[in-house]
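Here chain A shows up in two complexes: once beside chain B, once beside chain C.
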Partner chain A sequence: MASVPDNLHYSKDHEWVRVEGDIAVIGITDHAQDQLGDVVYVELPKAGDEFAANDSFGSVESVKAVSEIFTPVTGKITETNDSLNDEPEKVNKDPYGDGWMIKMTMKSPGEVDSLLTAAEYEDFTKAEE
Partner chain B sequence: MASNITKVTNHISPNEALIFERSQPGRAGFSLPALDVDESSIDEIIPREMQREDALEGMPEVTEVDVVRHFTRMSTWNYSIDQGMYPLGSCTMKYNSRLNEKVARIADFANLHPLASESAAQGALQVIYELQQHLAEITGLPGVSLQPAAGAHGEMTGIMIIRAYIDARDGKEASAQRRTMLIPDSAHGTNPASAHLSGFTVKTIKSTAEGLTDLDHLRELCAHGNVAGLMLTNPNTLGLFERNIQEICRIVHDAGGLVYMDGANMNALVGIARPGDMGVDVIHLNLHKTFSTPHGGGGPGSGPCCCTKELEPFLPVPRVVASTSVGDSDSEHRLKPMLRLDYDYPQSIGRVKAFLGNYGMMLRALAYILTHGYDGLLEATQAAVLNARYIAHGLLTDYDKPFDSDPMHEVVFTDKRQARKGVHTLDIAKRLIDYGFHPMTIYFPLIVSGAMLIEPTESVGRQELDQFIEAMRSIAKEAVEDPELVLNAPHSTRVGRLDEAAAARKPVLRWKPAATESAESRSTASHSS
Partner chain C sequence: MVAPALDLKKTPLNDLHRKLGGRMVEFGGWDMPVQYAAGTIGEHLRTRTHAGLFDVSHMGEIDVRGPEAIAFVNKLASNDASKLIDGQAQYSALTTPQGTVIDDLLVYRFAEDHLLLVVNAGTTDKDWGWISSHQTGEAVKLENVSAQYCQIAIQGPQAISILQMLTETPLHEIKYYHFVRGQVDGVDSIISRTGYTGEDGFEVYAPPDKAEQLWSKILDAGNYGSEEGVLPCGLAARNTLRLEAGMCLYGHEIDETTTLLEANLGWITKLNKGDFIGREALAKQKEERIKRKLVGFEVTDRGIARDHQDILIDGQKVGIVTSGSPAPFLKKNIGMGYVPVEFANVEQNIEIDVRGKPVSAKIVALPFYKRAK
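Right, the complex of A and B next:
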């Protein structure tokens, strides 16, 4: 069973958000990495790029397919996880930790409240199957 | 490698070394005659900076027989359409007949210079002209260009034509606002790529639970405005016929957009239904799928673009057209048809390919069409659909079929039932190799989890269909009784399961001399440690 930590917010596109002050740390869920299979490349934006909620900010390439990844919140990129260039497997091994993808300053921090809770996300992935 | 693996052949050299590794100092496949001109210094002939300094390091030293054996051995490792069924969904791997190959090798065609004058190339131009007419009839779309080199190229040509048409219709300024291209979520990945390269923003249309384009969502997206067009595959990539195609075209046209159809799945329609009659404005065809020209390594491809009368002025130039001119002989005053290359289309998107396209494929496709005739093409289409439905029926008891409706020329199944035992689509595909089949297309379409897309084509008979069904059922049984057997497949090949992730993450793109390589990996290791 895929892990779904309680302290995160989740999107229906299988991204997670961890709120650290006014910064949102974003990555893809354990369920997402499991569905994708071995990740071989992660394409990320640059610091300073701005995105609206639900915009595509990059893509994840696995042995199966290339999939777009979406920002669950509106804001500006402050940092990206450049270590994924050399070690994309971190997304598989530690999706909620070393496999994080971007950090952004949130334009409207209230947006995270409209995302799914851990329990809701778990139900959502079960219903999808 | 485990010793219980059974080799498919008792080949003398089960794992052929690279040609570089076969090198033996001093072996050479040539002998030069004695010098019969004055010797001169290389520096006088070739500037120093353009000379190699590595003394051809790493070039294999081999004789002719070394080279012949090396490549002959490797050629026996291929799996090809000439050996057996190749059920790659969405690829239409049908048989490429020997007659087509013979026609393509007729010296008068094969040796014709691409810059030969029109008058010296009338026969070759006639092949293009006639093929254009046949494709126009098959698609119901009168404007045809055979220039595009393959499918995605034909797609892009079609999308560029749509853009040029809207520029002309609305004016550049208004057209610049109309930049939304609608694409269903089941589409081939090349569709959004072609749209993006042509300057459009892609919006994705959802599929219904039935696997068809969601009309309500389509209407909603059209209501947002700025729709330049829709890119639709029909039958779609789930193998299902978009039965609302006329309504879909109407909705897009009412929104001021055009409809491009991806012709990848035309093998389900030829002789039965025409995109032009459905309301489609522009389509590309894959001669290397539907019209039996070689596919994959045997290519090149060919992706003709067919369009309506309204879009015709925007087709690539030069176009091959027939004109009539008064014959030379005054006494006869006969009208003599003459084929020529016409560049005089000021609204054309321009040339998209050097010369006239991949000409050899045009010869093969024309031979395919003429040898089949209307009845034969119709029968091929019917057999392709019947074969896919036969497999759909045959696998129903053992595999999950996500969409209820009858498929057209290809059918999608999933690994849902097998996944409970930890056996997934990739494992089933690998195990199928042990049964002597090329695997089906896997993990596509993306909207179906664990998709297996199976397209038998019309080229296989009932016996092979039964063998395929039997193999798939047997694998389903193995997945329950002995999952490890499937998880570790293939077992009968020269190499077992390849590490695809490592190959993608750390690709080795070229051979390097052993010494250099180890020195480099040492330096890399010390950096990263």
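Right, the complex of A and C next:
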């Protein structure tokens, strides 16, 4: 069973958001990494890039497939996880920890409230299957 | 787990794949495992270093019997079936009158009057229609016997020692691209020293009701579950293994728009064996020289080339990627594709249009991977 931590917000595109003050830390869920299989490449934006909610900010690739990744919130990138360049497998091993992808300053922090809770996301992934 | 669509065909190992954690996908009308719990990279590497087990029961088999079996196959397929001896197999292709490819296949010779054609899963019905429609008075009896066989491939440096535990047939005596009838775990089988991974290995054909027995026994004999044991491998690893080995996949490198000569398959195109469908077109193309050629390339930038992406030189599209993927053993991103012959040279710099972004690559020699003998 894929892990779905309670303290995060989730998108229907299988990203998670952890709010740390006015910063949103974003990655893909355990369910998403499991569906993808071995992650071999992650393409991320640069610090300073700005995105609106639901914009594609990069892509994550397994041996077999390419998936776009979307920002669940609006804001400006402050930091990207460059260690994924050399160790993309962190996304599989620790999707909510070392496998994080970007940090953003949130333009409208209220946006996270429209995202799914852990329980809602769990129901959503079950319904998708 | 997603339930299979009702109309998907299942191999006799379908239940076992699910029990082993296989992630099932549709492939050529079949419900097949794309990977198991170990993941594609793990399965690929284990096959290179130890052994991998593959369910290839979805492949089609067509029996050709009768005094004119060889002549009949030689009329339809590009390689020269008359060169086969009993117990030998041959890579060949069914060709259109234009010299393009209806399918690639293996031709097994059991006797002068008995050949078995092993064809791709997704093209079995098309091949059967094509082959049977070309029987014009030859003394042959054709039968689609696909449902009478399961096919299990054990591949990798340890394949021979694992399979030897289950059979008294001396496997080292079977030469590459030869086969024997023998028993595997007491089951009457065809044991063929062939494969699609670039490794030594065997493909075992047996009655479908024995598939689970053979599969399970091979996993046991190969210490499945231990760190250096055999791993069941899904279609994704099968694809990356064959790509590293530089082998064509029907529907990717070869199809009804590509000729054998363009696909580097001149070695199975026997223009002097007598007439066959497509011979004239291929002879003409050989004389006039091909205009495009299948090449291998290695991505030199960060990025992964994928099937159907454009190949660019100086910003202009010159060709198309037929297969592009990470290569787990070589730890590079590689691919194959067609380019005009004037660019088909090793070290030629190209770019791949990866979703709008040009990524540098260079043409390299095929195969990408060759095992140490």
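A few notes on this one:
The definition used in the following text is that the second predicted complex is superposed on the first by the 129 of 129 C-alpha atoms of A that agree within 3 Å, B and C clash if a C-alpha of one lies under 4 Å from a C-alpha of the other, contacts with A are read in each partner's own complex, and residues count from 1 in each chain.
Keep this in mind: a residue touches a chain if its C-beta (ideal position, glycine included) is under 8 Å from a C-beta of that chain, and two chains touch if they have at least 3 such contacts.
It should be emphasised that the depicted structure is a prediction, and the values quoted were computed from it without experimental measurement.
In the superposed model, A:93 lies in contact with neither chain B nor chain C. Using the contact criterion defined above for the overlaid structures, shared-chain residue A:67 touches chain B, although it does not reach chain C. Applying the stated contact rule after C-alpha superposition, one finds that A:76 touches neither chain B nor chain C. Residues 37-38, 40-41, 61, 63-64, 66, 129 of chain A are contacted both by chain B in one complex and by chain C in the other. Here chain A touches chain B in the complex through residues 35, 37-38, 40-41, 61, 63-67, 88-89, 129, going by the rule given at the top. Those residues of chain B whose C-beta lies close enough to touch chain A in the complex are 189, 426, 442-444, 446, 449, 500-501, 504-505.
By the touch criterion stated above, chain A contacts chain C in their complex at residues 37-38, 40-41, 43, 59, 61-64, 66, 85, 129. Those residues of chain C whose C-beta lies close enough to touch chain A in the complex are 1-2, 23, 34-35, 39-42, 44, 236, 240, 302-304, 306, 325-326, 328, 355.
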